[in-house]
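Questions regarding the structure given below will be posed in turn.
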Amino acid sequence: MSTNSPEGLRSLLDAVASGQVSPDSALLSLKDLSFEKVGNFAHVDHHRALRTGFPEVIWGPGKTPEQIAKIMMAMRDRSNTIMATRIEPDVFLEIQTLLPEVRYYDRARICALCETAIPKRLGTVTILTAGTADLPVAEEAAVTVELAGFGVDRLWDVGVAGIHRLLAQREVIDRAQVLIVVAGMEGALPSVVGGLADCPVIAVPTSVGYGASFGGVSALLGMLNSCASGIGVVNIDNGFGAAMLACQILRGWEKS
Amino acid sequence: MSTNSPEGLRSLLDAVASGQVSPDSALLSLKDLSFEKVGNFAHVDHHRALRTGFPEVIWGPGKTPEQIAKIMMAMRDRSNTIMATRIEPDVFLEIQTLLPEVRYYDRARICALCETAIPKRLGTVTILTAGTADLPVAEEAAVTVELAGFGVDRLWDVGVAGIHRLLAQREVIDRAQVLIVVAGMEGALPSVVGGLADCPVIAVPTSVGYGASFGGVSALLGMLNSCASGIGVVNIDNGFGAAMLACQILRGWEKS
Amino acid sequence: MSTNSPEGLRSLLDAVASGQVSPDSALLSLKDLSFEKVGNFAHVDHHRALRTGFPEVIWGPGKTPEQIAKIMMAMRDRSNTIMATRIEPDVFLEIQTLLPEVRYYDRARICALCETAIPKRLGTVTILTAGTADLPVAEEAAVTVELAGFGVDRLWDVGVAGIHRLLAQREVIDRAQVLIVVAGMEGALPSVVGGLADCPVIAVPTSVGYGASFGGVSALLGMLNSCASGIGVVNIDNGFGAAMLACQILRGWEKS
Amino acid sequence: MSTNSPEGLRSLLDAVASGQVSPDSALLSLKDLSFEKVGNFAHVDHHRALRTGFPEVIWGPGKTPEQIAKIMMAMRDRSNTIMATRIEPDVFLEIQTLLPEVRYYDRARICALCETAIPKRLGTVTILTAGTADLPVAEEAAVTVELAGFGVDRLWDVGVAGIHRLLAQREVIDRAQVLIVVAGMEGALPSVVGGLADCPVIAVPTSVGYGASFGGVSALLGMLNSCASGIGVVNIDNGFGAAMLACQILRGWEKS
Amino acid sequence: MSTNSPEGLRSLLDAVASGQVSPDSALLSLKDLSFEKVGNFAHVDHHRALRTGFPEVIWGPGKTPEQIAKIMMAMRDRSNTIMATRIEPDVFLEIQTLLPEVRYYDRARICALCETAIPKRLGTVTILTAGTADLPVAEEAAVTVELAGFGVDRLWDVGVAGIHRLLAQREVIDRAQVLIVVAGMEGALPSVVGGLADCPVIAVPTSVGYGASFGGVSALLGMLNSCASGIGVVNIDNGFGAAMLACQILRGWEKS
Amino acid sequence: MSTNSPEGLRSLLDAVASGQVSPDSALLSLKDLSFEKVGNFAHVDHHRALRTGFPEVIWGPGKTPEQIAKIMMAMRDRSNTIMATRIEPDVFLEIQTLLPEVRYYDRARICALCETAIPKRLGTVTILTAGTADLPVAEEAAVTVELAGFGVDRLWDVGVAGIHRLLAQREVIDRAQVLIVVAGMEGALPSVVGGLADCPVIAVPTSVGYGASFGGVSALLGMLNSCASGIGVVNIDNGFGAAMLACQILRGWEKS
Amino acid sequence: MSTNSPEGLRSLLDAVASGQVSPDSALLSLKDLSFEKVGNFAHVDHHRALRTGFPEVIWGPGKTPEQIAKIMMAMRDRSNTIMATRIEPDVFLEIQTLLPEVRYYDRARICALCETAIPKRLGTVTILTAGTADLPVAEEAAVTVELAGFGVDRLWDVGVAGIHRLLAQREVIDRAQVLIVVAGMEGALPSVVGGLADCPVIAVPTSVGYGASFGGVSALLGMLNSCASGIGVVNIDNGFGAAMLACQILRGWEKS
Amino acid sequence: MSTNSPEGLRSLLDAVASGQVSPDSALLSLKDLSFEKVGNFAHVDHHRALRTGFPEVIWGPGKTPEQIAKIMMAMRDRSNTIMATRIEPDVFLEIQTLLPEVRYYDRARICALCETAIPKRLGTVTILTAGTADLPVAEEAAVTVELAGFGVDRLWDVGVAGIHRLLAQREVIDRAQVLIVVAGMEGALPSVVGGLADCPVIAVPTSVGYGASFGGVSALLGMLNSCASGIGVVNIDNGFGAAMLACQILRGWEKS
């Protein structure tokens, strides 16, 4: 359908203005454009890309592999890149049976339908982790950014207990455009980075830790209470959400 | 002191490279540049503007009016805009006795030393509140943004229980460059706004509410768990922090 | 036994009044009427239908399949519809061995003994979910309502991050008699629906989410703190309880 | 303005259909109808009564007396009954200076502008409290119900530790149409009442208690986990919200 | 050893007083009496029965079957009844291999070494449960009481949502000497029973429930905040602890 | 009224049995006996003494001085000892204006109407505190026990950090009949005492502490998790509740 | 009394060994030595200095000024340095009336009776704070250390958001013998310091912060979960406790 | 490499001072010295031993066996003792395949590469546990101390409910240099020990317990609120961290 893009939408509206299309039939087109009922379990939001600049992303938990595959198929006609997050390997294998062309990023637990060569956009997201155990969350962020077409700079295992490891990478922080800082345990890394960086900092607490880490709550609280002001925090283990915010920031640069 | 700017700093480093200044005396200059001991209670971080693009901001609670005034005086030589947050009216009056030229923004509880006409920068932050009681937090954000030189679009009292009030302002959201969404109680407004906006969204939970709102915890959790992905959350009632992140994002546009 | 109905009860009381039955023997009949010891583990509350209009419903967890089957058998003589909630598929299979005529609603995890055609009553409950992952809870509500004889309108996957999906269904909300709104994550959907609807709204938080959703606590708090006043909240994942309240409301209409 | 009623609205829409009013000017009327900007701090939602059957109610905390008075004045033209909740006595006195005709219900902490004789509607809400200390919350519910035109049956101090006090009032429970049960401490009263009543039960936890009552959290949890299914719970101390739900239920009877 | 009883201990002390035994060798005897090292993992407290009237009881979790069996063997010479709590069936089977004469109470998950006929003592503990799912905890209490030689009255499934089930058993409560009341979910049963009973009431919260029951926390809070004063509460699911307190109370009667 | 005692009640029932009093008029007498409406705010539970052996006790918070005085007057005809807890000094002074004969125990914050010489009963409660700051709670327990006619042994400031202070009082613990152990901070005293005592132990956590004591929660948790089994715990600062349980235990001795 | 010192105690024991003093009278002396009853509210633990190397310290909250003064007087004969913590200025003034020679350290809120020149011991404690608002807690630690005779190195306002302020003081950390690190908000400073220091690190969370700092809980959790292993944490705002541990460590050096 | 020791480092710096090595190449050497990139997942911190006196220790959770083995190999050239904590038996077996010389301490779940005979250092750590179930945590501490070359005194199962077991070991506490006290449930043991000991006390809460022990939170809170001042607390189950602090304290003795 031709209205599946900003250009298509504008054409439709012009046709209404010129009387070629009646408001009623335009309304129907637009309603259909905006979302689509998939089976009896989902409303795919095609309009989302128009509204927010990103296609809807499928959140895996609580959906059967069949439901995920069907939603991906429904979205395929209208979007070049379709992704689903929090997909465990066995779920991926079942999706693959139904959709053989689907790709899997195992460290990031992301499943995607996309062109072989994703068109590159200007801008890079710099991603830091405090420890090795934070990698799966950081990779969820990194793969999301890459699927959106932006570049990624990865800097793993630079936690604050060995502050010289971080300071030795000072120039990476200096040249960053947007920073995503991933940390578990006490979640102190964003505070130190926030005091060094001259760009927006997004903090992702992880559930890495034990005892009084309470599944990431300590890291989350550490980040919310950071003495380095101006840090945006996302949910525990939410690498995807951090990537979405980072891309939104970079898209602003594009528009400006 | 001439090193109080990026240009000054570069001159000093060139002088070291050319042998005009010994590394040891350069070190002393830089150390002094980077922070200054004020009384026996504070280290003012002059280097911060170089590192992060913002002068250090004074957080009022737990400091006496005298301490706040002394820190402001120590910063005055090196910065055009000096601000202190969370200043209650009676604290302001005591500061004013010591520093008569200080300004007070009462709804925002911010106290500032700045030029009469702050130089304008490109870029505007759009600030929304769910209710009237969220205003003090939103004003803390707004005044911080204005002191940093950016523009502010204010849209108060558009909470989700009267969703048409928000939808009627759809165009304000559409044209926003960065959004700060301030809400107490269940904190649902950023979720709805995040689904409509095509720009970065920063969510500020407020302590507005009672009973199971737990001083803003419910709003905070609502924002962290938002089904609209890509929202950066700051601490409860932290309008200042949200403003810092928003300005950091707009500054990125300037640099690009 | 003839006292197993309001009519039977009234007959007994008239017989006491007229001296045909002694108070002592009436007392014994009534005691037996009101509950029955099943094995050495349960007191089935036959009187409950008289008192509250609903037969006692069996809560599955912590009971063995044999206990559930025995309680169902004990209730069968006095009630046309007997249901057990939170029955996992393997538990159902064991119950079925003992009670072959039992039915299973797998998405709702409800097990029931009932007539093939449940007599229809006037009134319909409209059930909304924010996401696809909320379906099991919503189905528990829907099947309970249907077993009670009322109609159900289902509207799945209309969460607030794509507010136009909900607004497109505005007329479903407008014509609703009672609304059950099921949502996980931040639980914002009841706030928006509560601002649109002109009928009682019952909110069901679900454990859908991760990290700071704390197994449904965030959604629960969001609903309790809703800025849309007049929403009744039930326990996390308690689709059954929401249905019971909705049916109680519709039964009031019948009586009026 | 004539559109301030369902009838007025229908006239406007017919005028649009017949071409007497252009869609653009209709839009302007409707926009104005739906809400009104008051000062630079509030959007009064006039449309709310059309949408939800109740005029918007002013929540007092965080608003100055002047703001409350101004919002009341802005609403006065369009609504017969205007109420503000959580108004402390000294705030009332300041409002009264600006709006001398305002009434105050001190036990309920409600402030209202209304006709001397509120037109009566069919239906009564029965309100129970566990203890004497729960009265202010129960009165907030009672006065709200009365201002909405429905009747109230009050039954105070019938907590479960003296169960015979409750059972002696069995007939009050039996004839109830909707029950609001207010309790602090362990919040057990709704569980017992819910097992006796044959009508919808709304539970209101109060902050009455000490130590491990955690400001009403224990009562709230007790009500959410009630073994008597089908109880709708509202926020701690939220007598107003319970009344809104109760009235919404009774209005359904009117419509049926 | 003869000092393994109050009588033996008194003899030893008399021997010291008369000079027949030196203080030093008496000290050695007493030290050995008071506890014994078992393997390199435990100090069995033989003195405990002297001090507190109960032999030490073995808490199963975190101990290997071998450790439990060895501690039981070490205690066997000095005590007629040895019990271990929280023993899962597979752990029991391993203990039985090493100690074939050990008995197992499966509903109570208690493992014991004791005489075939435990000598009966005067006094009975009445145990109530709110629901069928509370049985394992109630049985842990019941078996502990029986192993201590006291009688048990069991009354299961009399929760407050069907208050007439409880009231019909009024005479059981009236004649009770000590009551243990076991309940999950909202934990309201002890409040009602505490208002009826004229004897000490011990409340045991159970982890029965879901969602906001938080593994028994809601029931625990309900019991701690009971409006019926004078209820002693034990840890969640701690049927054993409740039994210990109940027996301690009955032993007081014996002594008086 | 003659039915205000067990003897009076028995007479009434005999009169019914012999036909001298009709059941209907007996019912009326009993209903009046069981509770009495005081003003429009309370139901005084006269029957309570019959049911539970203690007259109803007035909990002060949330009641006006007038309400407390009126409830005391209503109870005076039927009970020799009437007490109200949590009465601050200024509230007492207002009550005294209305009821000059009322007594005040300032450390315990208890207000009582009672005979000059309370008849003594057999049995003593031993009360220990960990620190000096726990005294108000311990005194609430002590005065309650004394008003009930039992004896009190007080042992203050014997916390576990100076364990020899406790051990030097070993004989006080040895001869105790019932122990109430009051402690704040980590609440460890009941664990040590529970390992030494051969009688029931009731633990009262206090809100003494700071920081992570969370208003008594740490002490409460310490007591619930005590490794000394068989300790009954009451709410934070609930000296009154501990006393009620202790008296209930001693009354059992009387009956036996 | 001569037994008020290790030397005195040894003399007494030798006298017992040589038969000059009977064990019974020695016991009496020792019992008196070990603690002393002050008024009817406290047991002063004189033995504590013998056992733990520190005299008992008086914790001010919950004690009246009179009680504090009386305890100080009771301790004066046996100890050269007596201190009380958490003494507000007005409480100090009342103590001073009774004990004119008492000293007050206002920033530390410590009140002390001590010689003019406290004898110096070998060893120094280095104390760091993250911010200016942490000073009162840090001063409580510093004054305690100084009263115990050790030296103090103070380094204020070196929080992690300006990491260069800390790194510039690297040599202070390098030469430290024991470090006390005081921080509020996210409590990250001990993690960075712990990764740099080669000596024991004691972390003190403070209640400095707002919103999700929850009165110091976030800082506490940050410190407990520190990725820099080997940090000992004390209660929120417990500068005194940190000082006690630091002195205990330095005393070990003395003994070695 | 020769800079892998304090001596090597000093040589390098001298060479810079004398001009034999240029600052730039010295910088490169030092950068390499300070950490090393292992694969694309870790930065091994070789400099840590220089900075803090301990080699970096590998925290097992969230790392694959391959990652752990590779990090161990990278550290082998520079350190005599390399250890990894929280290694489950099956993970150990996979590491052993890659690194056959690795040792496993099963009760402590520690995996180490070290010389057969670790050189002994002066100083001993005394470790106490409250119960048998606390052993794994205590062994983690003990093995860490032993791998660091210090001695260990183990005293298991001396919890406060049998206080004479602890007092009988009074001399072990008296002669201790540093104490680690490990306890679950209410965590009271450190309070009693802290009142007896004259040396630093480190408290380790364990997750031993059930119900309201909340996975060790109750023990943690008990220790943080200890009435025995001067106790340093580490995270729940963190035997390793306690050992690190204890060794740091003993190393201070060495240096002094």
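Every chain is named by a letter (A, B, C, D, E, F, G and H) in the order it is written, and numbering of its residues begins at 1.
Just so it is clear, a contact is a pair of C-beta atoms (placed from the backbone, for glycine too) under 8 Å apart; a residue touches a chain by one contact, two chains touch by 3 or more.
Please read all numbers here as calculations on a predicted model, not as lab measurements.
With chains reduced to the mean position of their C-alpha atoms, the one farthest from chain C is G. By residue number, over half of the contacts seen at C-E repeat in one listed pair from A-C, B-C or A-B, namely A-C. Centroid to centroid, with C-alpha atoms defining each point, chain D and chain E lie 50 Å apart. Rounded to whole angstrom, the centroid-to-centroid distance between chain D and chain G, based on C-alpha atoms, equals 55 Å.
Centre to centre, using the average C-alpha position, chain C and chain F are separated by 42 Å. Among the residues of chain D, those in touch with two or more other chains are 48, 131, 162, 194-196, 211-213, 217, 220, 224-225, 229, 235-236. Checking each pair of chains for touch leaves A-B, A-C, A-G, A-H, B-C, B-D, B-G, C-D, C-E, D-E, D-F, E-F, E-H, F-G, F-H, G-H.
Within the complex formed with chain F, the chain E residues making contact are 48, 51-54, 57, 177-178, 194-202, 220, 224-225, 229-235, 240-241, 243-245, 247-249, 251-253, 256. Across the complex, chain B meets chain C through its residues 130-131, 159-163, 167, 185-188, 191-192, 194-196, 209, 211-214, 217-219, 221-229.
Partner chain G is touched in their complex by these residues of chain B: 31, 34-35, 40-43, 45, 47-48, 56, 59, 61-63, 67, 86, 205, 207, 215-217, 220, 235-238. Those residues of chain F that touch chain G in the shared complex are 131-135, 154, 156-158, 162, 164-165, 168, 208, 210-213.
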